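Going in written order, the chains are labelled A, B, C and D, and every chain counts its residues from 1.
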Amino acid sequence: MRKIIAIILSICFLGSVSFAKKDTIKIGAIYIFSGFAATYGQFAKQGLLLAVDEINKSGGILGKKLEVYFEDSHAKPDIALRAIRKLVFEKKVDFLVGFDSSGVAKSVVSYIKELKIPTIITHAATPDVTGKQCNKYVFRVSVNINQNVMAAAKIAAKTKAVKWTTIGPDYAFGHQSWEYFQKYLKQLNPKAQFMKTVAFPKVGTEDYTPYITSIMAANPDGVFISLWSGDLINFVKQARKMGFFDKGYTILMSLGAATEVLYALKDQMPTGIWVGTRYWFLANDSPVNRHFVEAYKKRYGVYPSYNAQNAYAAIYALKYAIEKAKSTDKEKVIKALEGLTFEAPAGKIYIRPGDHQAILNVTWGKTAYDPHYPIRILKPMVIFKGEEVTPPVSATGCKME
Amino acid sequence: MTPVLKVEGLTKCFGDFCAVKNVSLEVMEEEIVALIGPNGAGKTTFYNVVTGRYKATSGRVIFCGKEITNLPPHRIVKLGLSRSFQITNIFLENTVLENILAPILIREGLGLSFLKNLHKCKKQLEEVYNILELIGLSDKANVPASLLAYGDKRAVEIGIALATKPKMVLLDEPTAGMTPVETDRMISLIKKLFEETKISFLITEHDMRVVFSIAKRIFVLHQGELLASGTPEEIRANPKVREAYLGGSVDA
Amino acid sequence: MKRAFYALFLVFLFVFPFFSGMFALLFATEILILSIFALSFNLLFGYTGLLSFGHAAFFGIGGYAAALLAYHTHMGFIPILLLSAAVAFFSACIIGFFCVRRDEIYFAMLTLGFGMMVFTVVHQWRSVTGGSDGLSGFSLPELSLLFTKFSISPPKTFYFLTLFFFLATLLFLKRLLDSPFGLIIRSIRENPERAAFIGVNVNFYRWVSFVIAGTLAGVAGVLFVFYDRMASPSMVHWTMSARPVLMTILGGARSFFGPVLGALVFYILEYIVTQFTENWMIFLGCILVPIVIFFPDGILGSLERWIARRRSGE
Amino acid sequence: MSEITLINLLNGFCYGMLLFIISIGLTVIFGVMGVLNFAHGSFYMVGAYLALTIIEKTHSFWLALVLAPVLVGVLGTLTEVLFLRPLYGRDVSFQLLLTFGLLLILDDGVKLIWGAGYHSVDAPRLLSGTVNIFGTSYPIYSLFVAAAGPVVALVLWLFFTKSTYGKIIRAAAMDREMADALGINVPAVYTAVFFLGSFLAGMAGVLAAPLRAIGPSMGDKIIIAAFIVVVVGGLGSFPGAFLGAVILGLVEAFGVQFVPKIQMALPYILLAAILLLRPKGLLGREG
């Protein structure tokens, strides 16, 4: 009984006592650690811890050690919100990083503004959080839909395909990807046609055969696919069995070059199809990238996925910003993040002050077999300069206060 | 005298099997009548059709001059035809008082009083105590029904039927499974009720001793058909009835 | 003894925000909201004998109605609450009309089916509900009371607002269950067939109970949406319907405060367990199984029984 | 009929047969014991995970197809003996809740053992590749699954109508008291039935493994579909489960083709319509 009372009391007082030690910088990280996309969280956590350990080993930031708290968003906005509250009010974190799902990111940014806590989005790609929903506290170091899809459209415009269709997850991300793809491709190739038959299976769909059948029956020239993680794996397995990849369609998978997908599929991933990513570990031969890939491979036994790189880069972005501001004061760090340019494994990243969106290179490529790697790699690889594929701030709808 | 219950050509079939075949009978006001027959004769099915638990295959049931064939049970009860069950069928987790109170509240149309406290239903509670006295359970009002002795549970069963203020009650083997002492108590209870309330009763019963001591008229059901009807003496003398009982399954 | 305990608890609820931390305050608010939800569920399950696996439909309908009103209008909190409760009321009228015609497993399946239908509507009707992303980014309505306007955004204000609805729900349900209506639905739970033979229109009373439960769940949904500042499809999913079921079983379906205790224990356990492991569901399952087998009356029910036995033993 | 319609017909049938094998286990258990097993989908998932491990270790799909269902059957047997026995005679809600608790345990349990990520296995070499049907290449493995349904149906039918054990089970299903009186060991029958039902769920899991990504939530999704199948067909009815499974399979396949917007809601609309119009299901027994 006494124990129960003790527990109840300790819960009542949760967060009422501040444990904040002056010599640490606390970071809250929110990713998907369970369900159909749990590998995303796993990779992000690995990349993030790698960065944190590196920084702490070399003396921390301004002499302060980093401390990270992880929370699971379950890919659901309401649970992510609870995680934010827990991190901010109970763990008293100074900064937040994370968010895989666009839906989650969109739902929480206004609350983040209310809490006034600087946040770096490392994965969610919806243009809105650095567009019409942008605010002072929210930054993104990763490629967004605009950038990824603009690159896709540039590739699509160079192919012979005229009639295009899509398969994407049935939520804002899938629909927006297709919307932007049509918009950009139409600009580049006015002859492009977009079919009425499109497929938007629910996230977490088990059986893709009806969708695959209806797409194949429509007989398109090109198929733009924005499925991701478990869904993409499921889709590729079933599509392969149905001969979807033998029909000679031009296929673009906007997130096909995610290493977690490639690892899960291994040689079930067909070769010769166009895949995009938000970071490719072989795309950049800089010392920073070589170091990152090596250290990552050594520590975890696999090649880093884009989500690992993004989380890694976010921690370094914070490091550089805090050092630039010479303070961990939130407002000063925000000032420092705006316009920050730094070297990440993905290459040079510039955080545009106007909308807090990172400008960085975007990689696409064709899947290919290589005996040196257990997974498909990209050959040939096409790298787009960040500026080429990013719309100007004026086109994003962002009005920063 | 006018008939309270009038059944015309009632038939109930389950697929090919007909448990009740073309049964017609009448029960008058202020009359106790028994319905007897060997096991499986269709007595309970007959009750179930008359009280709306099953839909009739054909035939009509008229109660107090109103056709009630195939009405839902609660409507039939509201018209004044109540019943008891062969297997004890009461609200076990509720107290004895609540068992009796519920039908009274429903009868008075108070079922949807959401905010009135049960203790404030003074008039209805008074009625409950009257019924409890009648069935001899005044001292057990606040006992959960599940804790009662078997005979008392059967008495509650009858109390519930009375609480609906019926013009007629169908009793389905009120003494089933009782000890001789309990049976005697039940018989005197039924007699007392009849004398005090003048409700009509239709009783199915295995125990011939009970039947002949209570009923003024008897109907005999055999394989779903009405075999005979008449006074106890007539039934006793009827050769067809003897044959049915001896030729059919043996009853206690 | 019991009264003193409740009085103490009530006092605790009132003074709690003045010494608790921010996180605990939010935590407590959420528990109170879910308690309302679980209490409403238990009117059906514990008192009418109907196991619903689709109760979240009304939680979600109320919530989405509130989110949409907050998004598109400038109404105050009270009009939004009343309108949303009305929407939940009418949906419960319609869905309940069909569901109460069936018993037991069929009722559970039917409610599950209808619940998931509501979920699909919420999930597919992107232009209105925001699809799987849900609705967010609306500003919180203001509460007009005594000619003054309050913002409900400060956590303390919102806590007291929730506490008010929580206590109101308790009082309302207590009176309801001690009323003739309460006796009738308990009788239906005990023995639906017998109830018909005392003149109860069983389906009708079940329907009324269903509608009351649905409306209360809608109110809980409204509070939840403003607490979370979003309406998301997971509010309507069957896994959300499973929550009050678990809470009620945990606390005790036959005890008036069972669902409240269940919600409290559920959240505290979840909080403690998730400190150590991400696999909180396995833990929950491991608690649920022995409770179902050995303590079907839940924590509070078993406790009450134990106390009663000790008292009668002494 | 257009080519796409024919292919959809095939798709629907193939998915339907997978559903059938899952649902028949569910309905056998319900028909005999009156227990609606919420954890049935989790048994299916465990079957798929076991197949994954067995195939990784031995590289034999066929061994997995034999071994995994037996292991799942044993798991089901333990469940029945340890957890469900104390609950017979109590309100059905408790059985539903108990099996729901098991679902929670199993869903998280596989995460502890196999991790949270997705896995995949290949179809056996014999069945990989495609054949040309209606001018479209169609995977042989899907045809195999489509054929497995009728085979399972036939075997079960023979078992229940021709073998002594099958007849005993049917007797126990009809009337427990009667079976008791006839000297049938009813508890043993229940255990055997639970083994059979879980075995079938496990088998469906193995069959599904090469078709789908193997992940911790695969059971939750399928259990709802299986519920719908058995309710539509008629709880406890064998031919009903077959019919229900085919209908649901076709509804899913053609829903995508004709009404993609509300396709997701179709199974639930079907469920509600059946429960309201024919509460005992299409082929359910009157009573």
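The working rule: a contact is a pair of C-beta atoms (placed from the backbone, for glycine too) under 8 Å apart; a residue touches a chain by one contact, two chains touch by 3 or more.
Please read these numbers as outputs of a predicted model, since none were measured by experiment.
Enquirer: From chain B, which chain is the farthest off, judged by mean CA positions?
Expert: Result for the farthest chain: A.
Enquirer: Report the most central chain, judged by the distance from each chain's C-alpha mean to the global C-alpha mean.
Expert: C
Enquirer: Just give me the whole-number Å value for how far the CA centre of chain B lies from that of chain D.
Expert: 47
Enquirer: How many angstrom between the C-alpha centroids of chain C and chain B?
Expert: 42
Enquirer: Can you check how far apart chain A and chain B are, centre to centre, with Cα atoms defining each centre and the answer in Å?
Expert: So the centre of chain A lies 74 Å away from the centre of chain B.
Enquirer: Taking each chain's centre as its mean C-alpha position, how far apart are chain A and chain C in Å?
Expert: Whole-Å distance between the two chain centres: 36.
Enquirer: If I count partner chains per residue in chain A, which residues reach a count of at least 2?
Expert: Where chain A meets two or more other chains at a single residue, that happens at 33-34, 202.
Enquirer: Touching at least two other chains at once: which residues of chain B meet that condition?
Expert: Not one residue in chain B touches at least two other chains.
Enquirer: Residues of chain D touching 2+ other chains?
Expert: Counting only residues that touch two or more other chains, chain D contributes 111, 264.
Enquirer: Could you list each pair of chains that touch one another?
Expert: Between chains, contact exists in these pairs: A-C, A-D, B-C, C-D.
Enquirer: Inside the complex, what are the residues of chain C that reach chain B?
Expert: 175-176, 178-184, 186-187, 190-191, 193-202, 205, 208
Enquirer: So in the complex, the part of chain B that touches chain C is made up of which residues?
Expert: Touch residues, chain B against chain C: 51, 53, 72-74, 77-78, 82-83, 85, 89-94, 98, 101-103, 105-107, 110-118, 121, 160, 163-164.
Enquirer: In their complex, what parts of chain A are in touch with chain D?
Expert: Residue positions touching the partner: 33-36, 38-39, 42, 199-200, 202, 204, 206-207, 209-211, 213-214, 216-217, 229-230, 233-234, 237-238, 241-243, 246, 260, 264-265, 268.
Enquirer: For chain A, which residues count as touching chain C in their complex?
Expert: These residues of chain A touch chain C: 7-8, 11-17, 33-34, 72, 76-79, 81-82, 85-86, 89-90, 102-103, 106-108, 110-111, 114, 133, 170-172, 175, 202-203.
Enquirer: Would you mind writing out the residues of chain D in touch with chain C in their complex?
Expert: Against chain C, chain D makes touches at 36, 83, 86-87, 90, 92-94, 96-98, 100-109, 111-112, 224, 227-228, 231, 235, 261-262, 264-265, 268-269, 271-272, 275-276, 279.
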